[in-house]
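These are the structures in question, set out in turn.
Next come two complexes, and both contain subunit A; in the first it sits with subunit B, in the second with subunit C.
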Partner chain A sequence: MKYYVGIDIGSISTKGVIIDENNNIVSSEYIWTNASPIEASKELIYRLRRNCNKDVLDNIYGIGTTGSARELIGKIIGANIIKNEITAHAVGTIYKYPDVSTIIEIGGQDSKIIIIRNGVVVDYAMNTLCAAGTGAFLSSQAKRLGIEIDEIEKYYSKSKNPVKIAARCTVFAESDMIHKAQIGTKKEDLIAGLCYAIVENYMNNFMRGRKIEDKIVFQGGVSKNNGVKDAFEKKLNRKVYVDKDSHLLGALGIAIIAKSKKSNKKLTLEFKDLDYKVREKECNGCSNNCEVLYIFENDMLLDTIGNRCENGKE
Partner chain B sequence: MIIVSYPNIGEYERVVYNFLNRIIDKDKCKILRPVKNSKETLKLGEKVSPNNVCTPFKYTLGTMISSIKRGANVIIQIGGGCRFGYYAQIQEKIIKEDLSYDVLVINLYEGNKLNAINALKKLKILNKKLSVKKVLKELYITLRLLRLVDYITTYIRDNMCYIEDKSKIKVVEKEFLEDILKIDTLGKIKEKRIYYINKINSLIIKREEKLKIGIVGELYSLMDPFSSSYLENDLLEKGYKVKRYTTASYLLLDKNKSEKKLLNKAKGYLKYKIGADGTESVVHTLELIDEGYDGVIHVKPFGCTPEINAMPILKKISNDYSFPIMFYTFDTLNSDTGFQTRIEAFIDMLEMRNKK
Partner chain C sequence: MKIGIPNALFIREKIPLYTSFLNYNGIDTVVSSNTTMNTIEDGKEFATSEDCIASKIFMGHIVELVKLYNNGYLDAILVPRIYKGKKNMEGCVKSLALYDILSSIFPDTRFIDVNVDYSQNLSYFKSLINLGVTLGINLKNRFLGAFYALKKQKEFELRLYNEQFEKIDFKNKNILVIGNEYIVRDNYIKKLVTSNLEDKKTNLVYACINNKNNRYKNISDQLYFINASNILNGIEEYIDIVDACLFITGFPCVTDSLVNEMVKKRIKDKPYIEICIDENTSNTGIITRMESFKDIIEGRRYL
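And then the complex of A and B:
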C-alpha cells in the first residue's frame, strides 16, 4: 500500500492528513499555527508520525503542502507538490461530496466561494481587500464580549432577538456592537447578531450575482461554529452541510493531488531537527527588484522564494 | 544645461528616448532616462500623492521625482482619456509647490487633445532651431518605430508558448530592447523587423495547443510589468498563450478610428462608451470568447472608474457565456503572494474545465 501526506498551513491553524491509496485518512492532526508556521509544522509532523506505524511511514510516495505558508514549508520538508488552497479545498470537497455545487469557505484570515458544476470548478472568488467577515473578526469580537470562541454557539442558541449589525465593514460592525451593548442589549442577542453579520457580509461579497445551487458545503475554521452555520441556513433557506472533518478538507485535497502525480519515488516525512531561519531581502540583481525570501538550514542557504530569475539565487 | 526626463511605462521609455535624442540640441540639452518602476520609485510617488488617486499617478510621479533627484530640470508628461488627463497639472503642482523643486513641467496634451503646433512650441525649449518639418519627420519615424516595437513584442508574446527554452527568447528580447534606442531610419526599421521575426521563428519548435488566456483592463497596469506584478511575464514563462490588445500603438494610432465599430461589436452589452478603455475591455473580452480563449484576466488599478464601469458588464458576459473571467485590482500595497494564489487557482480551474 502507498501513502500520501497533505499539509495545510493556514494563518490560524495547521492541518495535516495521511491517506492511503483509497483516500482513507489513516492519520490526521489539527493544531494552532500561532504565527509560527515552521514550529507548527514541526509539531504537526511529529504528531502525524506518532499516530502511524512503520509500514505507513516507509511507504510515502507523495507529500503536498497548501495554505498561506505552503511555499516555505513545502521547500523545507521537500514536498513534491505545492498548490494553492482554493484548488486543494475544491479537490478535497469534491471527493467527499461528489454532488457539491457551492463551497462556502471561511477561514481565519480569508473567505472564499467556489462554484462547482458537474464536479468541475467553474467559478471562484476570494476576499481581496479586508478581513471583515472572517474568523479573525469573530474571535476579536468574542474577546471584546469576554467569551471564548467556542462558547459562541451556546449564546447563539439562547438568543431570541438577534440585533442587526452593519455587515459591510469590520469597523462599522464594531461601532454598531458597542452602541448596542451600551443600550443594554443582551449578550446572546449581540452574539447572534454577530453570526448574522458574518453571513450577510459573506453573501454581499460573494453570492450577489451568482447562482447558488444545492448542495452547499460549508468549511474552514468558522464552519465549526454552529451559530454561523445555522445563520447561513436561515438566510439561504437551504440545507448547509458541514463535514465532521471540514477543517481537514484542504489537507485531504492536497494529499489527493499529491497522489494524482503518481510518483514512484519514495519520500520521507520528517522535519529535520535543524535550525531554520528566514530572511527577506530586496534583490538588486536586476531592475526587477524582487523581494526574495531566503530560507536557511543551519545557516546554509536551502532555497529561495520570490525570485524571478537566477540572479536572486546568490 | 537642460536635463530632460519623462515618466515611464514598460519599455516604451526607450521609444521616447529615441525620439528626443533626435530632436534635442546636444550642446545645450541632455536626456536622463527614467529608471524602471520599482518599490523605491513607488514609495517616492506614494508619499506625496493624494491617497485615493488611481495608482498610475503614483507610479509616474515616483519616476519623475526620482529623475529630478538625479538632476533632471525639465520633465515631459502627457495624459488624456480619463483622470489621466489631469495628471500632468496635478503632478506639476505637487512637484513645484509641495516639494518645492525648481523644474519645468511640459504637458504636451491640452484639454485631452494633442495640439501639434503648441506641442512643438513647447518642445522648442529642448532645441531652439527645431523646425516644424524636422519634428514631423522625426515624429513619423518614431511612430513607425512604435509600430515595430509593438509588432515585435506582440510577436514574442504570441509565440513564446511554442518555445521550449524561454531564456533564449529573453536574449532576443534583450537585444531588441537595446536596438530600440539606436534605430533612426525607416530603412533600419524594415530591416530589423525581418531580422527579429526570422530570429524568433528559428526558435519555434512545435506549434501545439496551449491554454489560452486573454488580458484586458486598464492601460497602464497592462503595459507596465511592475504595476501588474509581472502577471503577463509569469503566464508566458509558465508556457501559456497570452493575448493582450492594449499597446501604445493601438492607443495612439488605432483607437480613435475604431470607436463606432467597437460599440457595434458590444451590441447587447453597451449602448454608449463607458470612458477610457472600459469599452475596449468589454469588446475585447467578447472577441476573445469568439476566438476560443479559455479565460480572461481583468486587471485594473485601485480607483480606475472606466474599468469599474466595465466590471458588471464583464460579469454579465461571464454568466451569459459561462466564460471564466478573473478580476484583480492592484494597489500600492498588494502582496505578490495573494495575487499568485489567485492566478494559480484560476489556471487550475481553466485546466480542470478543459479536461472535462
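And then the complex of A and C:
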C-alpha cells in the first residue's frame, strides 16, 4: 500500500493528514501555528509519525504542502508538490461531497468563495485589501465583549432580536457595537448581530452577481461556529453543510493532489532536527527589488523564495 | 533644450506623440524610467495618502524628473492634462488637476502644461499646436511636427495592436487583462501581478490595446469616463476569443468602480477574477490568487 501526506500550514492553525491509496485518512493532526510555522510543522510531523506504524512511514510516495506557509515548509521538508490552498480545499471538499457547487470558506484572516460545477472549480473570489468579516474580526469583537470565541454559539442561540451591525469595517463595527451596548442592548443580541454581520459582509463581497447553487459547504475555522452557520442558512434560505473534518479538508486535498502525481519515488516524512533560520531581505540585484526569503539550514543556505531572477540566489 | 516626460498615468500611451513632436523640432526628450518599488516609495512621499496607486506612481516619476531638473539636466517637465472630455464624457479628475498640483508641490521646477480638449475635433493635433506656441516654435514647424507626431503615434499603436494579435494562439490559454493602460502595462504592476501568470502555455491579451472602433456602445452608450470606453472596446473585441479574464484595478479608482459591474455582466461564464492593488500590496497574496486562477483555467481534475 502507498501512502500520501498532506500538510496545510495556515495563519492560525496547522493541519496534517496521511492518506492511503483509497483516500482514507490513517492519521490526522490539528495544532495551532502560533505565528511560527517551522515549529508548528515540526510538532505536527512528530505527532503524525507517532500515530502511524512503520509500514505507513516506509511507504510514503508523496508529500504536499498548502496554506500560506506552503513554500517555506515545502522546501524544508522536501515536499514533491506545493499548491495554493484554494485548489487544495476544492479538491478535498469535492472528494467528501462530490455534488458540491459552492464552497464558503471563512478562515482566520481571509474569506473566499469557490464555485464548482461538475467537480471542477470554475470561479473563486477572495478578500483582497481588507480582512473585515473573517475569523480575526469575530475573535476581536468577542474579546471586546469579554467572552470566549467558543461561547458565541451559546449566546447566539439565546438571542431573539439580533441587532444590526455594519460589518464593512472592523473599526466601524466596533463603534456600532459600543453604541448598541450603551443603549442597553443585551449581549446575546449583540453577538447574534455580529454573526449576521459576518454573513452579510460575506454575501455583499462574494455572492453578489454569482449564482449560488446547492450543495453549499461551509468551511474554515469560522464554520465551527454554529451561530454563523445558522445565520448563513437563514440568510440564504438553504441548507449549509459543515463537515466534521472541515478543518482537515485542505490537508486532505493536497494529499490527494500529491497522490495524483503518481510518483514512484519513496519519500521520508521527517523534520530534520536541525536549526532552521529565515531571513527576509530586499534584493538589490536588479530594479525589481523583490523581497526574498532566504532559508538557512544550520547556517547553510537551503533555498530562496520570492526571487524572480537568478540575482537573488546569492 | 531638454524636456522630461513622465512615463505614467494616461501620458504613458501617448509618449511617442510628445517625443516625436519635440524631437522633430530639435528639442531633446527624457522619458522617466520604468516603475520600480523605489518609484512608488518616492511617490508616496509627495502624493496625498488618499491618492490612487496610479497617481502615486506618477508622482514617483515626477520625482525622478525633478531630480534631473535640479541637477541641470532638464529645462522643463511636460505635464499634459485632459482638459475637457467628449460630449457627456469626462476624463479622470486627477488628470485635470495634475499640472496645478505639481506646480504647488515643486514651485521651483518649470512645468509645461498642454490641454487636451476632447470636446473638439483633432484634440491631440490642437494640443500639439498649442504646445508649439508655448515653446516658441514657428508656425510651419508646429504643423509639420504635429502631423509627424500623429503619424508616429498611430504607427506605434498599430504596431502594439498587431504584435498582440499575432501572439494570440488558440492552442494556448489566452487571458484578457482588463484595466487602465497605465495600471495593467505598468512595469511594477506587471511584475507584481501578471508575471505570475506568464508561461509558455498562457498568453496575455491586453484589453487596452484594441482597434478603437467604439464597440463599447454595445455594452453601454452612456459612459461617464473616457478611459472606461477604451477598456470596454477591448472587452467587446476580445471576449469571444479568450479563455479567462483578469481585471486589475488600482485602489481607489473611480473610473473602474463604475465599469467593473458592467464588465462582470458582459463576461458572464468565463473565469473572471478581480485584483485590487494599492501601494502596500505584497506579492504573497497575489501569488496565491494567480496560482489558483491558473488552476481554474486549466480545469484539471485531481480525483
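Everything that follows uses one rule, which is that the second predicted complex is superposed on the first by the 314 of 314 C-alpha atoms of A that agree within 3 Å, B and C clash if a C-alpha of one lies under 4 Å from a C-alpha of the other, contacts with A are read in each partner's own complex, and residues count from 1 in each chain.
Here is the rule we use: a contact is a pair of C-beta atoms (placed from the backbone, for glycine too) under 8 Å apart; a residue touches a chain by one contact, two chains touch by 3 or more.
For clarity, every value in this text was computed on a predicted model and none was experimentally measured.
Undergrad: Put subunit B and subunit C onto subunit A via the superposition and say whether they clash or fit.
TA: In the superposition, subunit B runs into subunit C.
Undergrad: Just to be sure I read the superposition right, which of the two partners does A:291 touch: subunit B = first, subunit C = second, or both, or neither?
TA: Both: A:291 reaches subunit B and subunit C.
Undergrad: Quick check for you: in the superposed arrangement, does A:274 touch first (subunit B), second (subunit C), both or neither?
TA: A:274: touches no partner chain.
Undergrad: Classify the contacts of A:120 with the two partner chains as first (subunit B alone), second (subunit C alone), both, or neither.
TA: After superposing on A, A:120 lies in contact with both subunit B and subunit C.
Undergrad: More residues of subunit A in touch with subunit C or with subunit B?
TA: Per-residue touch count on subunit A favours C.
Undergrad: Check whether A:87 is in contact with subunit B, with subunit C, with both or with neither, and answer first, second, both or neither.
TA: both
Undergrad: Using the superposition on chain A described above, determine whether A:260 touches subunit B (first), subunit C (second), both, or neither.
TA: Second partner only, subunit C.
Undergrad: Tell me the contact category for A:301 with respect to subunit B and subunit C: first, second, both or neither.
TA: neither
Undergrad: So, A:171: does it touch subunit B (first), subunit C (second), both, or neither?
TA: neither
Undergrad: In the overlaid three-chain picture, which partner chain does A:209 touch, first (subunit B) or second (subunit C), both, or neither?
TA: both
Undergrad: Of the stretches 163-171, 181-189, 199-207 or 289-297, which one of subunit B hits subunit C?
TA: Looking at 163-171, 181-189, 199-207 or 289-297, the stretch of subunit B that collides with subunit C is 289-297.
Undergrad: Which positions of subunit A sit in both the subunit B and the subunit C interface?
TA: 68, 83-87, 119-124, 126, 128-129, 209, 282, 287-289, 291, 306, 308
Undergrad: What residues of subunit B sit close enough to touch subunit A in their complex?
TA: The contact residues of subunit B facing subunit A are 35-36, 38-40, 226, 230, 233-234, 315, 318-319, 322, 324, 328-329, 336-338, 340-342, 344-346, 348-349, 352-353, 356.
Undergrad: If we count contacts the way the header does, which residues on subunit A are in touch with subunit C in the complex?
TA: Answer in residue numbers: 68, 83-87, 91, 94-95, 119-126, 128-129, 209, 253, 256-257, 260, 282, 287-291, 306, 308.
Undergrad: Can you name the residues of subunit A that touch subunit B in the complex?
TA: 68, 71, 83-87, 118-124, 126, 128-129, 209, 282, 287-289, 291, 306, 308
Undergrad: Using the touch rule from the top, collect the residues of subunit C that touch subunit A in their complex.
TA: 34, 36-38, 191, 195, 251, 261, 264-265, 271-276, 278, 281-285, 287-289, 291-293, 295-296, 299-303
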